[in-house]
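Below, chain A partners chain B and then partners chain C, in two separate complexes.
Right after this comes the complex of A and B.
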């Protein structure tokens, strides 16, 4: 059995890395902190033309019909570039949710437009009051009890815009009404839809966190080689070396766990949710640890908004606590391995108990 | 409009290169990638084929160990097929030997209207192969193209010069070398990457091309690498104390470089 990515999967990732190196530089990310929406329509168009946006849309609807093992490296690259677009929501969650669980009318209506790059998706999960990217997404996937609905943004009212710690991430509450025509799934089917989609979103965020952590470490190593103190590059001092080595260990330990979770999702493994939770817990912890090391090794300069590292740290903080933070996912792993602990509170599917506003 | 593009697969410049102590040449046994300077020719060829409303872009390359990963990149961009010359006898081939082999490989492509190359490779830098190919094929050659247009049976080229550009034209078929950076190479789409897997790569050796192995490689090379030494360290610059006439020294220095 071969446990390595195929040449094609590696080539997809390399193509996305090259594209984002030109259209998603730190300067571009900074623009999204400052512009009205936090979004770049031109960049979304480029990603759609490459085939990234439609990669999980079934071939019958104009996409490439690919799975988690195909996109996990691609989303890692979007994290490496701190891509501000809702690529996790659209590619990892939205398109598969409509394709797998949605009625034919909804799938036929939305999937070809997603693949063509004409429709951007924002996703709400149970218990989560706010949606990222709802300000410019065309289609909102909204949770209500055990039901998921696909509602055009034109039919909802956006309320309570929230600022996130990440300036490119704009959050909104949504005032909307359920209609039978927007129902993707309800009842037992709705429960499965919500769970499967949540796992895909958590894996997508975990992949982005690995990319972010890798990039922050790379920036920090470059800085430690360049910045001199006491007549030598700071990277030659043992205390700095230890920090950087610890950061590398955190990333390298988390990465295979994330790839393993992609395998579980793609192959429909029975332990899918446990593996995703291990991945998100490891990736959140790794990215948080690397951003701490990066900030410290950069000295005070890392804290200034004007310095590029800042953009990556803030994205990492926001993602580490969305789609379930490390503590919540560890609890889900414990539940899966040990079963319910007598007297412990049940783990509800509330991935963000603090709410996005604190993220 | 059928266009042949000569492409080289080189060691990734992002990885530190190493010399083979025996042959004193660059080690080329790892994974090779498409030379970036060739991606401009591939893009130019794809644009010309589009503008002509049809035709194929064929790649021609020479590489050790049947290496195709660089070719796949160009095939993913949109080239239709490729000819790869791979033969252990080709190790150590010099610029003229390379031109002989590429010329023979180009002859295998039927109905080529135009042959594009880069001006020089990023790992060899001889900058002579395009003109040698043209001579061996008996075709006109135009170098340093910044733009190319096809008008009936004629290729019209803006040829970059130090002062600006010359307008040149030649009857087709012709060999034109494309200056790096004059077009923006497209990113391969996912569909392109998937399609590249099944595009034909016609792999041939010296015998198939009718080339005597003794006329290429180390045996046929007109060169011998005697020794390799580190480049001399940069010398300290001259420090001029300005006593009010420092500008004259600057003017004299720039004048000596012929930049003013």
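Right after this comes the complex of A and C.
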């Protein structure tokens, strides 16, 4: 038993934190709110050069061949920086999906290009009907019933651009047709692909939510030490202290739940889907709670778009309900732990539990 | 990271489980916070001691098994899993003992620890006084030097003393320097309750059990050998004890994961027609217990690596105490109109133990330092926020 990361894992995450501290400052995030795509190609290149983009691409395909335990802290850092690019989709979901479930032709075609930073991935999935970053992604991973397809963006039509509360998130619907050449997996294998990818996406989002929550808390604690009212720092007032203590409690207890889910996925644990759902439920709840505390303790300055807090809050709101929200994931844990509602008539399994069409 | 148990830990678990399953009383003992129940719990404690399960993490010389912190967690998990009796010796073995290991002289360790392990000496905790609750540094009970007799004469009143009416000894703070203020000039004393000048009066708690006591001291004599740590240095010694109380040792996760498993079982039996919000409360309580377990595994890894837990133990206390309340509320939510039935009343479910558990859970945010105080500690000592002007 040892619940801690290796030095190597910690060092990699620290290096990513340093990189993002220079190339993904709040000012950079604001640029993505304002520019055409919501994306910085230079930053993606830098992340690729460091090996982050290819972390999960197998070594044979030019990547680092890393797993969930290796990336969970890295994705937490991308959350802390509110990185706009689809790192969850590319690193946590896309590359492992192609490597684990895709036919050799698709893996050979896409994985080296992902690792090189030349191909960005967007994903459409249960609980995620709109594709973030599809405007500039090169490869779209699209679900249709129990099939998963890898479709070049050039072959689809993006429809209905949606506006997110988070200005760096550009969301699209997609109009496309299945072809045999794009099939990653179907039938039984398709379900496994879809489930495994959903779990990885939910874990990736959970990790980012922990980073976001931690960042908002850190900003608020710093502000509370500086801002004075009634001749004293507001952080000396007990009401403010208790808000912040509650925020820390939420983050610190969500954290090991998220890390355990990474362990369960990395080791193929039998309860991995349940563990991921616990992680997403706690991370979503923690980030939502911390965002409220952060705003309240800032007062009106936090309620402006000039101040940076809103960049992190809005990302947190978006991710909290992406890849399944807390209530959905709690029910998934309930199904695993409690089973169906006692006495309820057996029902057909819901093919689309989130109430959204899969294709 | 490796969240699996080693072969030797698995073997330890199997050994605990086998002994506990063979020896745990078939039907639950009456509450250990009543005179009759306490006596029955003592028989159990002595049985545990004879089989060397009373204090697994202690050295063999004092009745333990030199178990690692990991093995201790495993033991606790198995202990609560089989529904073994409450530990009426807990204030000694979990709170005082770590302090004696840290601050006691060799003689004190050799004298007190084995007697504590075997449940010959039964310890209660004497911090609170009528005017010193959250503000523990306001202790007024005093100790006056008696040079001729080679010791101290204690005078004052302690209150809310858990199981004080059934215990043989009290540990607590007394003011040894009459001119001192607040945290200074306090000394940690080990007091036999049969000393002349000591009167103990038990009284009822919220659940009706005689779990509380007041302890009156009038010129009660204790020898120098009963001072733990230095004279006038009691505050620092006491803080070690309260750290144990908030942190791991008093409330290990096994207790809550076992309660959560019982809640799941209750849901299976009584969840028919439960409102979706009740189902959600049940699963949240299960997850909260699981989260406490995971948090603890992370904490223990840090401790094993030599890091100090320090003020972070207040986070621990907030979590377990508030999760325990939510867990019992979820259970009562499932029971509806039967939730109020107690004392094995004919219509009660599980003999009314959920209401009893709820009443006890409600004490969690009060004892071991109220949760308001814990939030102050977290804010000031973990987050580094400034102290209020003029103290608290």
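Remarks
Convention: the second predicted complex is superposed on the first by the 337 of 359 C-alpha atoms of A that agree within 3 Å, B and C clash if a C-alpha of one lies under 4 Å from a C-alpha of the other, contacts with A are read in each partner's own complex, and residues count from 1 in each chain.
Note that a contact is a pair of C-beta atoms (placed from the backbone, for glycine too) under 8 Å apart; a residue touches a chain by one contact, two chains touch by 3 or more.
In this text, all values refer to a predicted model and were calculated from it rather than measured experimentally.
Chain A is touched at more residues by one of its partners, and among chain B and chain C that partner is C. In the superposition on chain A, contact of A:235 is made with chain C only, not with chain B.
Of the two partner chains placed by the overlay, only chain C lies in contact with A:5; chain B stays clear of it. With both structures placed on the common chain, the touch criterion links A:69 to chain C but leaves chain B unconnected.
In the superposition on chain A, A:19 contacts chain B only, with no contact to chain C.
When the two structures are aligned on the shared chain, A:51 is found in touch with chain B, with no touch to chain C. Interface of chain A with chain B (complex): residues 8, 11-12, 15, 18-19, 49-52, 55, 64.
Residues of chain A that touch chain C in their complex: 1-6, 69, 221, 224-225, 231-233, 235-238, 240-242, 244-246, 248-249, 252-257, 259-260, 263, 278, 281-282, 327, 330-331, 333-334, 337-339, 341-343.
The touching residues of chain B, when paired with chain A in their complex, are 72, 76, 187-191, 193-194, 197. Against chain A, the residues of chain C that register as touching in their complex are 1-6, 9, 70, 264, 267-268, 271-274, 279-280, 282-284, 286-287, 290-292, 294-295, 297-298, 300-302, 305, 315, 318-319, 372, 374-376, 378-380, 382-389.
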